[in-house]
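Right after this note come the structures.
Next come two complexes, and both contain chain A; in the first it sits with chain B, in the second with chain C.
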Partner chain A sequence: MAMIRNKPRHRLIAFTLIIPFVAIFALVFAYPVIEVVRMSFTDAPLIGGGNWVGLDNYKRLFSDNLFYTSMKNNGYFVLLTVLPTTIIALVISLAVNRLSGRMQALALVMFFTPYVLPVSVVTQIWAWMLDFQFGILQPVIEAVTGKPVPVFKNPYWVMPSVAVVTIWWTNGFNVLLFIAGLRNIPEDLYEAARLDGATRRQLFFKVTWPLLWPVTALVLTLQLILQLKIFDQIYLLSDGGPFNSSYVLLLMVYREAFQLNHGGYAAAISLVLFLLIVVISVLQFQLLRMGGRDK
Partner chain B sequence: MLRKRIENLSLTCFTLVAGLIWIFPLYWALVTSLRSENRVVSDGAGFWPDEFNLSSYADALFNTSLMDWYINSIGTSLIITAVVLVTGMMCAYALSQMQFPGRRLLYGIVLASFMVPAQALVVPQFILMNELDLINRWGGIILPQLVVPVVIIVYKQFFDAVPKEMKEAVVLDGGGDYTLLFKVFLPLNWGITTALGIITFIMSWNAFLWPFLVITSEDMMTIPVGITQVNDAFGVAYARIMSVALLAAAPVVIAYLIFQKRVTEAVMISSGVKG
Partner chain C sequence: MKFRRFAQISILAACAGLGAPAMAQQQTITWWDFFAGGDGVRMKALIKEFNDEHPDIQINATTLEWGVPFYTKVRTSAAVGRGPDLMTYHLSRMPLGLSEGILTPITQQDLDTAGLAQSDFFESALEAGKSPDGTLYALPFDIHSIVLYYNKSYLEGSRFLDDQGALTGIESLADFEEVMQTAADNGAQVPLTYATGDDGGAYRVFYTLLAQQGGTLISDDGEILPGDSTEKAIKAIEIMTRWHEEGWQPEQALYEASVALFTSGKSAFQLNGVWEVPTMKDLEADGNLGFEWSAVEVPKLMDTQTTWADSHGWAIPVQGQTEMDPEKRAAVMTVIGWMEKHSIQWAEAGHIPAYKPVAESDAFKQMQPNATYSSLADRATYDPRSELAGVASPVYDAALNIVSPAMHGYLSPEDAVEQIKMELQSRMR
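Here is the complex of A and B:
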């Protein structure tokens, strides 16, 4: 072999290549992970020391009504967004995928552009469209309910409205994933099925759907994780209100740490959110994989 | 045949109309931003653009700190993108092509960190930035955004696929690993580098929660955080708010329109649907 290597030198080069990333990772990621765990057992304020208090933060958390309200709202928001956005994205991608050339590019631009907008731009546009007095969507709401509704100040409307805004904003991402999945399905499978006299319906349920399932599972998992971490839109549109009806876990972390100066308690909430996301995403991923195997 | 054509045509129309409805909020923001404040809230104002009034844009540009926010956003996003790409490709090259103790452990950690929600780390990260005296500074905005594991995962996947023969030729000529990375692996993967670069840039440009926490003085804010201040300053003045919002969105929207194909590709590749 021509590649006789000087082993220590080879290793040294490898280390110089990984060191920049590893150093940054250790400082701003690994260390904070350890810190968030440690802090959750202390009564530390945001800035400054704090004493070891054992499980006090967790005891307090599990008897805190706001925690249960937040959990409930997080769950409600997941229900309002994850499945609807997946279905909408699937329908859009099937329609867009049938277009060709320029038309497809144009349609894709229309459905994807909202995804590249900063969240505060999205919330400002929707706050204007849904403005109680002058919002262009108020006549639509009036047609349904008989009177205009200040949606972000109404406990029943607030979460569904934030969900609509969120779906509008992030749906393009899911559309792209579905389109990639559709493109990966070999055309000859459709031709073979057509030769066997399959109807369009059968083509979808016997070819497209089962072959698209891995992408569907991916979209569902990514969405679930993303929507559990809801903060920006809520903070900007309703700030947790009215009457805590849109209070969510990350908002609780923010309030406790940055407004009430309860660093330790906020760390405990963060950790619970973190574990919740890991457990749910692993569970969902397993379930969806099993669902795929049965088909 | 004719029936099929009509069917296809109507489907095309239907999809495009749905697209127009989907994009309507942006259209409406544009129409609003070009009206005078009085016109915006007057009863007779319809759906169609009927004014071309740039005064609220002028207001947005000259009476807010928008220019400062642009500079902060462009500066921090460019630095984040550059550092993420360079550190990511170096690390991915070592993981993909070299042998060293701890290689598998490192890759395992990279994969696992994918699952950790960055939002759960804001409290200790804030404390850390405070200790480093980086609150209200670019460094504070930048540092925690430099860990993007997916960049390493994607690069590694592409480096793994580079044929061995290409590597051997360079090694026979006496080239080392740095030569290999920058003269062979990188040029072979320019496409993926641009794709990852654009998507990293858009993500850091749009980041909200972290810059919002680490910046409190108005002249250090990034675009997405800064424009929320305009609300408070203007009260209800929707033409101005929409002008600011559109100016804030313009750079990423233009970047997306120019690099459409790359952005599409980047989204697909980085979520593992297309390799």
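Here is the complex of A and C:
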């Protein structure tokens, strides 16, 4: 029975099933993307049309020092967050995984709570804790460096500080992914390995690590995409300063579009950022998969 | 069927609801402003009074966030016809507003409706509301500037207070630095406070020091710090750096903290906008101040006496593709005219009225400390006429991004000025 099909009808059903998705996708993703591409070749303001200017926006972009500064800062921020947050999440999840029952649930809640907070609350909390005059963390900084440091106003401290805030905020989600990964590893593998006399070290490197690799690759890739899109924390904590040492690409897009009304130029920057993210993340995911295959 | 009947009825009801005010000939004016502090309280009182006096015109006011959020919202909403009917506007922001094409010209007929004439306004403020070809796009409401607030308790017995207890004897940078040292010796924790870690504070002091040397930040043809203005800008940053090194000004003070230093009596002087006058008055009235204060025009520290200034003005945005109904426009102009004539109440918020009949009235001449510093109106230096300047502009960003770190010792004044020039020049279109 099931093999007898009315082909056109079948196709129609398939079509009606995907049409809502295609329609919404076209409306809120495909159309805006095409518009951004078109806009990046014009001198359009934020609202309304503009004149076709060809590659002018791109020529200007590639001779704009701020663009290179921003790209450098984006890269620096990725370095400061992606690997550290992955390692920290892995360590935390391994520790949490050893707990059981209510204690495990409690520990998970504690690590996950910051992730639930909106970014403005997170930055407000940290801005106060690190406040130059009244921050409760200033005595700690003073104990290490000998004097209080206005962390978001100091060119050397600003990016690492934003990175710490970001890791604190987003780490809970990665812990959750790792926990899920760890639970997927069958217990019998550990049992068999233990019977063969594997040490704890060997258990981790020969069983846990290779089987967790797909999750690790996923976390690394998700983090990379997320951290390349850094904007909120910078906008709320340092505004790109001091002297552009925390200026990032999305802040540049925001300033050009919303402050200076240069829609076309902002579109060009965001398109370049979009391509950068696509290329880097595809590249990274492929590399990680190759790395995984060797294991 | 039932649903259709219900829908028909609700549509009818909605139409009737929309039609009702028109039948009563009442105009509702959507008003947007950005006054959230002590001045906001005074503005709301003015609006209430207007609404009470005018049964046929009702102002429906919304206060939005000052700065980039306000101007972004105005630009996008006006372009699609969902903006306000009347809004407050910083005249320093006119060049950008004009380039966005969201402002409508204020015609002679409009002025007649409001009962105003161009000659009623201070020249410099009125000019700031015009486009380069002389078309009027915004009417000034006030002139506001930074002034020098002082706490008399730190100056007693020194040569800087006269027998009436008014500040005197500051005629040069050397005098000013001497008085700061005097205040420090008399126990002022931070002799001079201003928002050293914020864009506005750093910019206004920097621009005032530059203007007092006759320097130009952006020339009319778009050059950043032309000619010897570069040297003058370096000099201005050197002075601010020196004040930091001597411990005369607070380190990385944000706006609120900088005000608190003065109101709590830890500072002898404050360089801040006239809009903090109501804060001081309210504290004094409640008996929570604990010292005697006043405010004067920023003294002559460099070559000439002048101060950064800006104006709040009135502007009528475009309504998308459509024209505003003439009756509504007349109602809007009535509001503007009424507000100008009642701007003495706005002066309570520290501002100097831009409308001369009020600024020259006896009531204003008796208002203190406004009357003392109102002399600055004639000598003020407005922001450069450039799309890069004005409230929440790249120039303000540069102050936070470059001037503030430089005076805290992270950049030399020369490098800072070099960066300002590069940064602003690259934003130029």
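Here is the rule we use: the second predicted complex is superposed on the first by the 272 of 295 C-alpha atoms of A that agree within 3 Å, B and C clash if a C-alpha of one lies under 4 Å from a C-alpha of the other, contacts with A are read in each partner's own complex, and residues count from 1 in each chain.
The definition used in the following text is that a contact is a pair of C-beta atoms (placed from the backbone, for glycine too) under 8 Å apart; a residue touches a chain by one contact, two chains touch by 3 or more.
Being a predicted model, the structure only gives us computed values, none of them experimental.
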item: Chain B versus chain C as contact partner of A:D239, first or second or both or neither; value: second
item: First, second, both or neither for A:V116, with chain B first and chain C second; value: first
item: Contacts of A:I47 with chain B and chain C, given as first, second, both or neither; value: both
item: First, second, both or neither for A:F231, with chain B first and chain C second; value: first
item: Touched partner set for A:N65, first chain B, second chain C, both or neither; value: second
item: Contact breadth on chain A, by residue count: chain C or chain B; value: B
item: First (chain B), second (chain C), both or neither touched by A:L83; value: neither
item: Touching partner for A:L287 - first (chain B), second (chain C), both, neither; value: neither
item: Residues of chain A at both interfaces, chain B in one complex, chain C in the other; value: 46-47, 133, 258
item: Chain C-touching residues of chain A, taken from the complex the two chains share; value: 45-48, 64-66, 132-133, 150, 153-155, 239-244, 255, 258-262
item: Residue numbers on chain B that touch chain A, as the complex places them; value: 8, 11-12, 14-16, 18-20, 22-23, 25-26, 28-29, 32, 40-41, 47, 83, 86-88, 90-91, 93-95, 98-101, 103, 106, 109, 113, 115-117, 119-128, 130, 143-144, 146-147, 152, 168, 171-172, 176-178, 181, 202, 205-206, 208-209, 213, 223-225, 227-228, 231, 238, 241-242, 244-246, 248-249, 252-253, 255-257, 260, 263-264, 267-268, 271-274
item: Of all residues in chain A, those that touch chain B in their complex; value: 2-3, 10-11, 13-15, 17-18, 20-22, 24-25, 27-33, 35-36, 39, 46-47, 92, 95-96, 98-99, 103, 105-114, 116-121, 124-126, 128-129, 131, 133-134, 136, 168, 173, 176-177, 180-181, 183-184, 215, 218, 222, 225, 228-229, 231-232, 236, 250, 253-254, 257-258, 263, 266-267, 270-271, 273-274, 277-278, 281
item: Chain A partner contacts - residues on chain C that touch it in the complex; value: 68, 72, 75-76, 79-80, 96, 99-100, 197, 251-253, 257, 387, 392-394, 397, 400-402, 404-405, 408, 410-411, 416, 419, 422-423, 426-427, 429
